[in-house]
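Contents: one structure, followed by commentary.
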Amino acid sequence: MTKVFSNSKSIDDKVRKNVFNFDRIFKWIAAGAAAYILAIIILMVIEVARGGEPALTRFGFDFLTGTDWNPVEGREVYGALPYILGTLVTAAIAMVIGVPISIGVAMYLSEMASKNIRTPLSFIVELLAAVPSVIYGLWGLFVFRSYMKDFIEVPLSNSLGFIPIFSGRPFGLDVLTAGVILAIMIIPTVSAVSREVMMAVPNAQREAAYAIGATKWEVFRHAVVPYARSGLFGASILGLGRAVGETMAVTMVIGNAVGAAALPTSLLQPGQTMASIIANEFNEADPFSLHPAALIAIGLVLFIVAMAINVAATLMVSRMVKTKGSIE
Amino acid sequence: MLEDEKITIKSMLPTNKEVQSTNHELILGRFKIILDNFSAYYSGKPAIKDISMKIKSNAVTAIIGPSGCGKTTLIRCFNRLHELISGATTSGRLLLDGENIYESGANPITIRRKIGMVFQKPNPFPTMSIYDNVAAGMKLNGVRDRRKLDEIVRRCLEMSALWDEVKDDLNKPGMSVSGGQQQRLCIARALATEPEVLCMDEPASALDPISTAKIEQLIDRLKQDYTIVIVTHNMQQAARVSDYTAFLYLGKLVEFGPTKQIFENPTEKLTEDYISGRFG
Amino acid sequence: MTKPEIKQKFVAGNLKRRMLVDKIFRGAAFGCVVLAIIPLGSILVEVFKNGALAISFEFLTAPPGAAGEAEGGIGPAIQGTMILIGLATLMGVPAGVMTGIYLSEFGSNKFARTVRFFNDVLTEFPSIVIGIFAFIVIVLTIGSFSVWAGAFALSIIMLPVVARTTEESLKLVPQTIREAALALGVPQWRMTFSVLLATTKSGLITGVMLAVARIAGETAPLILTILGSSLFFQGFDKPLDAIPLRIWRLSLLPYDYSQLYGWGAALILILLVLSLNVAVRMLTGRRMFGLVRR
């Protein structure tokens, strides 16, 4: 047989003493990189727990239920309840305002917009997500706050000020403003996921309803929502996760109340969330006191809450997308 | 007549009588690939059952049969691509020059160099030029000498009858040529690693008649230097191009023999029914 | 719903009223869109309007003056952001790409599913907790607020984004390309780097750009790791300034000039982030769901 090339020997050698073993190593390296993520999460739990442990052991359960917050040496007491409540209340406001708007946006974009408008409009909504949190905070501090105060909070205070949650003189830097800004910030996430969820509803459902003469709204309400319900719920939970973890924008508009004064009894008064107290106080905390440990312990609580919410949300959304028809 | 090939027989070969006589034939260089009770499975379900056949060197062997008969699975076993699918396994022996390529410890990478493959739909590497496509097998195995690569690229493109058409455009992207040319490019690419066997899985089925004719002429020329196994669903093509034909049905080898005999005087009724189009 | 039930609901009933309800809700949906877009418009307008007044060569290159004095600029912050992005990319992108490769090429087992799941969870994570983690692991170990800590925290934020985009891009490469390379006797690792990654180059690049856009605006983890500074880069184990951090600190000062400088810095930051996002959008032409900062 005529061999066309005279160099086959060299190739043979090159291949024979080969790197088949390297393929195995390659797989292990890649697996190691993948495991890195898991390692980081596990390590995070361990280190944050260890960092916060001094405060937790010192105050025990009172850490979660106490409302006093005093870093002064000799009279140190740390209770995180106001901040936990602050996180929950601001997140709740964000959900109440943000989720309906997000679903409205998603409904418009998936069911009602014409093709030409859909792309640029959805792109603009996405851009909302790209704006950094600190710029939301800056805008909230110097622009939005006065609008909130003049057009919403002062009227509220004047008319409904006898109701406890609207009591006190509002200055614009308070729980309500923080909640509203959070609502704006979760709109891109919740609406994007809601849209994907809605698009995963098979068209056959819509067509059946249209064929009977249903209006667009009726199609949405009776053909799309029943299918998408769990996915929409999952989208909202994702928004909740974002709202809980959001730091800078909240820090800059919530007014930096501390201790019992931070209890969110009134929406029109300054407050504090778990994330914002850490941002506000960490750099000034005396490293030789329990103050840093207390802040880290709050971080641990935040970690657990955020983790639980995100895990639940991811599970819900992926389950709906998988069973009802994939987007991919 | 065929020249004898120099074969090195590894000491790991089993020594029972049957295989010895097989080896005897090997030494005469007549059979390049021998399947011995070979089966292939997907997650435990057999797609190919107990196939035994001998593929002659420097000849074209066609594998025909209706869809789902296992012919693509079979040819992908030749260069150990079958096992890339998760859950895919094999049993039995597949001997290349007397060595069982499925022996534990056998290096699939070396085997794939010796048994090249051309796929149904032309698949040149999308980010590489024509030159780089042909040289890919060499470059990715560490060959760096520019002159050597130039020589190899030219020879392979000439052998696949593409050189004249692209010699001035070697740096153009591999995807920029027509479908038929892309397939010849893939053939050149497969030839660059100096395989001894060339497997072709329905190489012309995605091409127009003129390109198909060119590929068939190519196969006829290539068999002088390579052993060719071609899967085809086009019986006329098998009749035109091959020296031997294997007819598969539902994973089993129904009949195997010289093409002339299979098409004009088949032994099995099943074969005759398929050839005459009573089922497809 | 069964056919008779649907029929009853839709066909019966006052048509006029149904049309009105339809109009109301469709209007409400459109109203939601308007409500969602107004803040974005306001932010962009305010940032550009106020920030433009601050921009000057001195602003972009000089260090801040003494507190209370309306001179100087945000030079160190700009430098710091660039250094942090560069270092974080070096730390986070290789790991992210390798993770994406693992998930795409080897990823049909339980381990891979777990990693993928937690990868998605990590994309949504409160960045301040990541900052605490970096603080404990690096700042406390080294003994000072440092660039290493900041870059480490940012790299953790980048990782899941890069891993996800890499996996999705690789999944788009048709299996036949892999087979063509393997059929040539090329080992899998070589095939992955020389063929697969080359084919998905644009996908990888957009992934990195998205990740950079995300970390460019991160502030919370930086508070806990690089502390901020008025000086230019002093060393990897020293504090550093960064644009978002400087915006935050400027917003705390009571002076007029600090507000102005804050807007100016915000303008720079928004230009950076938005241009990256627009570039990604143009490169991919389709929405990369879930990867824009949610």
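Per-chain residue numbering starts at 1, and chain names A, B and C are given in the order in which the chains are listed.
Everything below uses one rule, namely that a residue touches a chain if its C-beta (ideal position, glycine included) is under 8 Å from a C-beta of that chain, and two chains touch if they have at least 3 such contacts.
Please read these numbers as outputs of a predicted model, since none were measured by experiment.
*Asks:* Whose C-alpha centre lies nearest the centre of all protein C-alpha atoms?
*Replies:* Of all chains shown, the one whose C-alpha centroid lies nearest the global centroid is C.
*Asks:* State the chain with the largest centre-to-centre distance from chain A, centres being mean CA positions.
*Replies:* When every chain centre is compared against chain A, the largest gap points to B.
*Asks:* Could you work out how far the Cα centre of chain A sits from that of chain C, in whole Å?
*Replies:* About 14 Å, centre to centre.
*Asks:* Rounded to a whole Å, what is the gap between the Cα centroids of chain B and chain C?
*Replies:* 49
*Asks:* Compute the distance, rounded to whole Å, between the mean C-alpha positions of chain A and chain B.
*Replies:* Result: the chain centres lie 55 Å from each other.
*Asks:* Give the residues of chain B touching no fewer than two other chains, as numbers and ranges.
*Replies:* If we look for residues of chain B contacting two or more partner chains, we find 109-110, 113, 141, 193.
*Asks:* Going by the contact rule already set, what residues in chain A reach two or more other chains?
*Replies:* If we look for residues of chain A contacting two or more partner chains, we find 15, 18-20.
*Asks:* Using the touch definition from the top, which residues of chain C touch two or more other chains?
*Replies:* Touching at least two other chains: 185, 187, 190.
*Asks:* Can you list the residues on chain C that touch chain B in the complex?
*Replies:* Interface residues on chain C, with respect to chain B: 108, 174, 176-177, 179-187, 190-191, 194-195, 198-199, 201.
*Asks:* For chain C, which residues are in contact with chain A within the complex?
*Replies:* Interface residues on the chain C side: 1, 6-7, 9-11, 18-19, 21-22, 25-26, 28-33, 35-37, 39-40, 42-43, 46-47, 94-96, 98-99, 101-103, 105-106, 111-112, 114-115, 117-122, 124-130, 132-133, 136-137, 156, 159-160, 163, 185, 187-190, 192, 213, 216-220, 223-224, 227, 244, 247-248, 251, 259, 262-263, 266, 269-270, 273-274, 277, 281, 287, 289-290, 292-294.
*Asks:* Which of the residues in chain B end up touching chain C in this complex?
*Replies:* Residue list for chain B touching chain C: 79, 81, 84, 86, 109-114, 116-117, 119, 121, 123-128, 136-137, 140-141, 186, 189-190, 192-193.
*Asks:* Sort out for me which residues of chain A touch chain C in the complex.
*Replies:* 15, 18-20, 22-23, 26-27, 29-38, 40-41, 43-44, 47-48, 50-51, 100-105, 107-109, 112, 121-139, 141-144, 184, 187-189, 191-192, 196, 208-209, 212-218, 220, 222, 238, 241-242, 244-248, 252, 275, 278-279, 282-283, 296, 299, 302-303, 306-307, 310-311, 313-314, 327
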